[in-house]
Amino acid sequence: MTIPVASATPSPVPETINVAVLGAAGRMGRTVCDAIEAAAGLELVARYDAGDDFSVVRESGAHVAVDFTVPGVTEANVHALLDAGIHAVVGTTGWTDESRQRVREHLAQPAVAAARTGVLIAPNFGLSAVLAMTFAARAARYFESVEVIELHHPDKIDAPSGTARHTAAAIAAARADAGMAPSPDATETGHDARGADVDGVRVHAVRLRGLVAHEEILFGNVGEQLSIRQDSFDRVSFMPGVLLAVREVVTRPGLTVGLENVLDLS
Amino acid sequence: MTIPVASATPSPVPETINVAVLGAAGRMGRTVCDAIEAAAGLELVARYDAGDDFSVVRESGAHVAVDFTVPGVTEANVHALLDAGIHAVVGTTGWTDESRQRVREHLAQPAVAAARTGVLIAPNFGLSAVLAMTFAARAARYFESVEVIELHHPDKIDAPSGTARHTAAAIAAARADAGMAPSPDATETGHDARGADVDGVRVHAVRLRGLVAHEEILFGNVGEQLSIRQDSFDRVSFMPGVLLAVREVVTRPGLTVGLENVLDLS
Amino acid sequence: MTIPVASATPSPVPETINVAVLGAAGRMGRTVCDAIEAAAGLELVARYDAGDDFSVVRESGAHVAVDFTVPGVTEANVHALLDAGIHAVVGTTGWTDESRQRVREHLAQPAVAAARTGVLIAPNFGLSAVLAMTFAARAARYFESVEVIELHHPDKIDAPSGTARHTAAAIAAARADAGMAPSPDATETGHDARGADVDGVRVHAVRLRGLVAHEEILFGNVGEQLSIRQDSFDRVSFMPGVLLAVREVVTRPGLTVGLENVLDLS
Amino acid sequence: MTIPVASATPSPVPETINVAVLGAAGRMGRTVCDAIEAAAGLELVARYDAGDDFSVVRESGAHVAVDFTVPGVTEANVHALLDAGIHAVVGTTGWTDESRQRVREHLAQPAVAAARTGVLIAPNFGLSAVLAMTFAARAARYFESVEVIELHHPDKIDAPSGTARHTAAAIAAARADAGMAPSPDATETGHDARGADVDGVRVHAVRLRGLVAHEEILFGNVGEQLSIRQDSFDRVSFMPGVLLAVREVVTRPGLTVGLENVLDLS
């Protein structure tokens, strides 16, 4: 996969994609390893975790590495992968505008750019979650009212969820682009029942034993409603998104942020 | 229907129930008049509204009067109906413990008691709303978690709705009776997304153009959920409850509060 | 727990209830063993499975036995438990009117009756499922229309589910008792989209990857809807119902069929 | 609005769009007239109905005509509008491949093409319905399982609804394009509960008093679900879509079929 800088030929998509997993001993990492081993056209060639030498990855023949580690090391991992000419799919949280910008700059270096290496950073690999968010943003300009309800298990310490915040922000941006007024709201008493305000969009957080991670976006016009709901019951639900990302990142040089950008939604 | 005090014989249920409507010119009153005119076994005998002389009702031959007037006059109406020996079905809001107690005392007067006159005061005549609330209170002791979501049109000025408050309070009372702990909640940040606290039960208020009046009660245990939802799209939905109340009040002397107490839910 | 016939004193409820599990090696049985071991006031005293000698149970000091075995042996197990003076909670399927009648007769024998032994046979221990079914039957007489949707994983071979059939039959019986007409339906073309007819109630079966076992009952009147939905995500969701049954069966001599009959739903 | 053929200049979008309504006396037509009268930038210049002379429309100065007439006359209306150089927005049903083709040919005539006249034929002007259908088709390739539930009032004579058929067909086409297998289904007994088969997609039709027109599309993968639901409570809900179509058709020469094609959903 390491391509000589002199070559102008982009790296072809390999028939079998060799995959290394970083954070392979974690709960998410183990699930990813299982999924890759079971997937047609993918081969698991390295399991890397804290304490291992990075040569395990570098010398594995991996075309793509999947990083589900921790915020403190994920950026360093990505730079090491780029140096090794390995595409990266990143599910670890904690990325900032600055850390993403450093990855962009690294990707722009002549040798890396010539190798057409790709990095995909996604805060969420759940197809249902990503599609719900994407569709909600697209529907936003066509409805007078919108609110978001997220529902999670009661052990969650933050509210509302990051996904719900992200969804509300995307909806708010789409409404602003379309020059829309805020959703109507005549509430005079009882504002504490009206949820959090995220960029002008009301977000309600429900905590219920037995739930995992769920989100519902409600749109309203006179005489009609549109509701988009997604349910994530198990982390195994992220695997179709991870596998899709592995297959897509090899054809997408540069930095891609968000799984929605590798989906065909036109 | 006026029964001589001397008689110990309770008033029999009439074959056709004559009905007077108080507040007949209001939106709700007009709908009630239409429903009574269309109902088998009921006959509309008086339409009474502000400015009319009460003799219109007293001399109408009404067995039952339905009061959808305003908080300022409804209690006086009920006392006048009791004096006239007419059963009362009351949908007007604004009743307090004290005003209800005064009705109980009036009903306990020998002449009124002998006439077996009944008064039914109901904050809500929607069967779906009343059943949702009743079932929720009964289910409450069997689930670790519970939250309430109410959804209304965006012109509503108070939050959460009276129905949702009432539902949450009934759930809280049932949980307290069963010696249950509060619903688990590990939230550390973002309490504003967690809704209003009604007796320890979280209540979320959604406002959306196109909605009318809706309530959802969510229960959770490990591995399971129970959801009870009711939707009121139109005030005509209250009519089956009003008609049921008219038919039941003639057989229930004394004060009954809440439509659920005339439903057969065992 | 074996009480001399001469004694008129009923067996007192033990402070700690000793429990034997029959079918302890099965998936459901193992889950039950774990739940009992974790429950306050219950002690697991025997694990019995195919091939074991029944003396394991008889001599265990068990007050209650929980049977999650197979249709071919569950009836014989119950009779053996009754002979041993042990209350039985039965979750195994396959019971018929005849096999239940034989249990009733055994319970009526003087020695067993004097011991006040109880048997609880329940087709479903899911509280959400049992409550949904019970509430649906009680609501049935108050709505013009009703339909049932059940949703399961796509590996299920029968449709509609037994729970949905049972729910529809209970709704149909309640409507018949109340003298109601069938739900209105003007369908002239496309009857194959209208679901199965169970005693006149339409039942729709959805099969979807990712689902487990879910049921929704929809009621409609002019201008209003009532929806009751239950979701079972995991067999662990049956444990609260099993534990409740274990605690209740010791106070309920004779045969009880259906968990709803030990719930306090008034 | 009639542009000389010689001119190469396309007709500019007028500041105020003059609108004629065909079928103005029908229920839908009256609602459209009210909506246009209330809309900024639109002016109602003609109400035309059966029995009126078409000169009412032709000489009205209308830039756009909205046709909510009946299947028997709608095609003739469109051709007459094209001859008059008036853009057409058509909500009347009954269009076939052949009748659409005849409109395309008329639009291709040099004079009409030069005038850049546009025709928009839409089977559904409900934004929630159109968006639900469009999003469902786009999501289709990302989920192993999919089923459609449509819910309507019980006076509907056909099942499943045209919208549900259309949705299922679009989903089936998207799945075929992506080379997907049918949704898994192990059903052996009870096929009548499994709904209608529309191009391999199961469609269930619920009929319930109190409902109007509703559709839910359910997608499932291992561990996750995506649900898209739309509710139409009132024909007034079609007005935002009609107004949008009126504003868009003047900028879109030729034939456009389906409101989704004038929405910005990228």
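For clarity, chains are labelled A, B, C and D in written order, and residue numbers in each chain start from 1.
We take it that contacts are C-beta pairs under 8 Å (C-beta built on N, C-alpha and C of every residue); 3 or more make two chains touch, one makes a residue touch a chain.
Just so we're clear, the structure is a prediction, and the values are computed from it rather than from any experiment.
Chemist: For the two copies chain A and chain D, what rotation in degrees overlays their C-alpha atoms? Round to the nearest 5.
Modeler: Chain A sits rotated relative to chain D by 180 degrees.
Chemist: Looking at CA centres, what chain is most distant from chain C?
Modeler: Centre of mass proxy via C-alpha means gives D as farthest from chain C.
Chemist: Where chain B and chain C touch, do the two copies share over half of their residue numbers, giving same, or under half, giving different?
Modeler: same
Chemist: Just how far, in Å, is the C-alpha centre of chain C from the one of chain B?
Modeler: Averaging C-alpha atoms per chain gives centres 35 Å apart.
Chemist: Roughly how far is chain A from chain C, centre to centre by C-alpha average, rounded to an integer in Å?
Modeler: Centres of chain A and chain C (C-alpha means) sit 43 Å apart.
Chemist: So which stretches of chain B touch two or more other chains?
Modeler: Only 143, 210, 219, 221-225, 231, 233, 237 qualify.
Chemist: Which of line, ring, star, complete and other names the graph you get from chains that touch?
Modeler: complete
Chemist: Once bound in the complex, which stretches of chain B touch chain A?
Modeler: Spelled out, the residues of chain B in touch with chain A are 143-147, 149, 151, 154-160, 183-197, 202-211, 218-225.
Chemist: In the complex formed with chain B, which residues of chain D make contact?
Modeler: Residues of chain D touching chain B: 210, 231, 233, 237.
Chemist: Along chain C, where are the residues that touch chain B in the complex?
Modeler: 126-129, 131-132, 135, 138-139, 141-143, 219, 221-237, 239-240, 263-266
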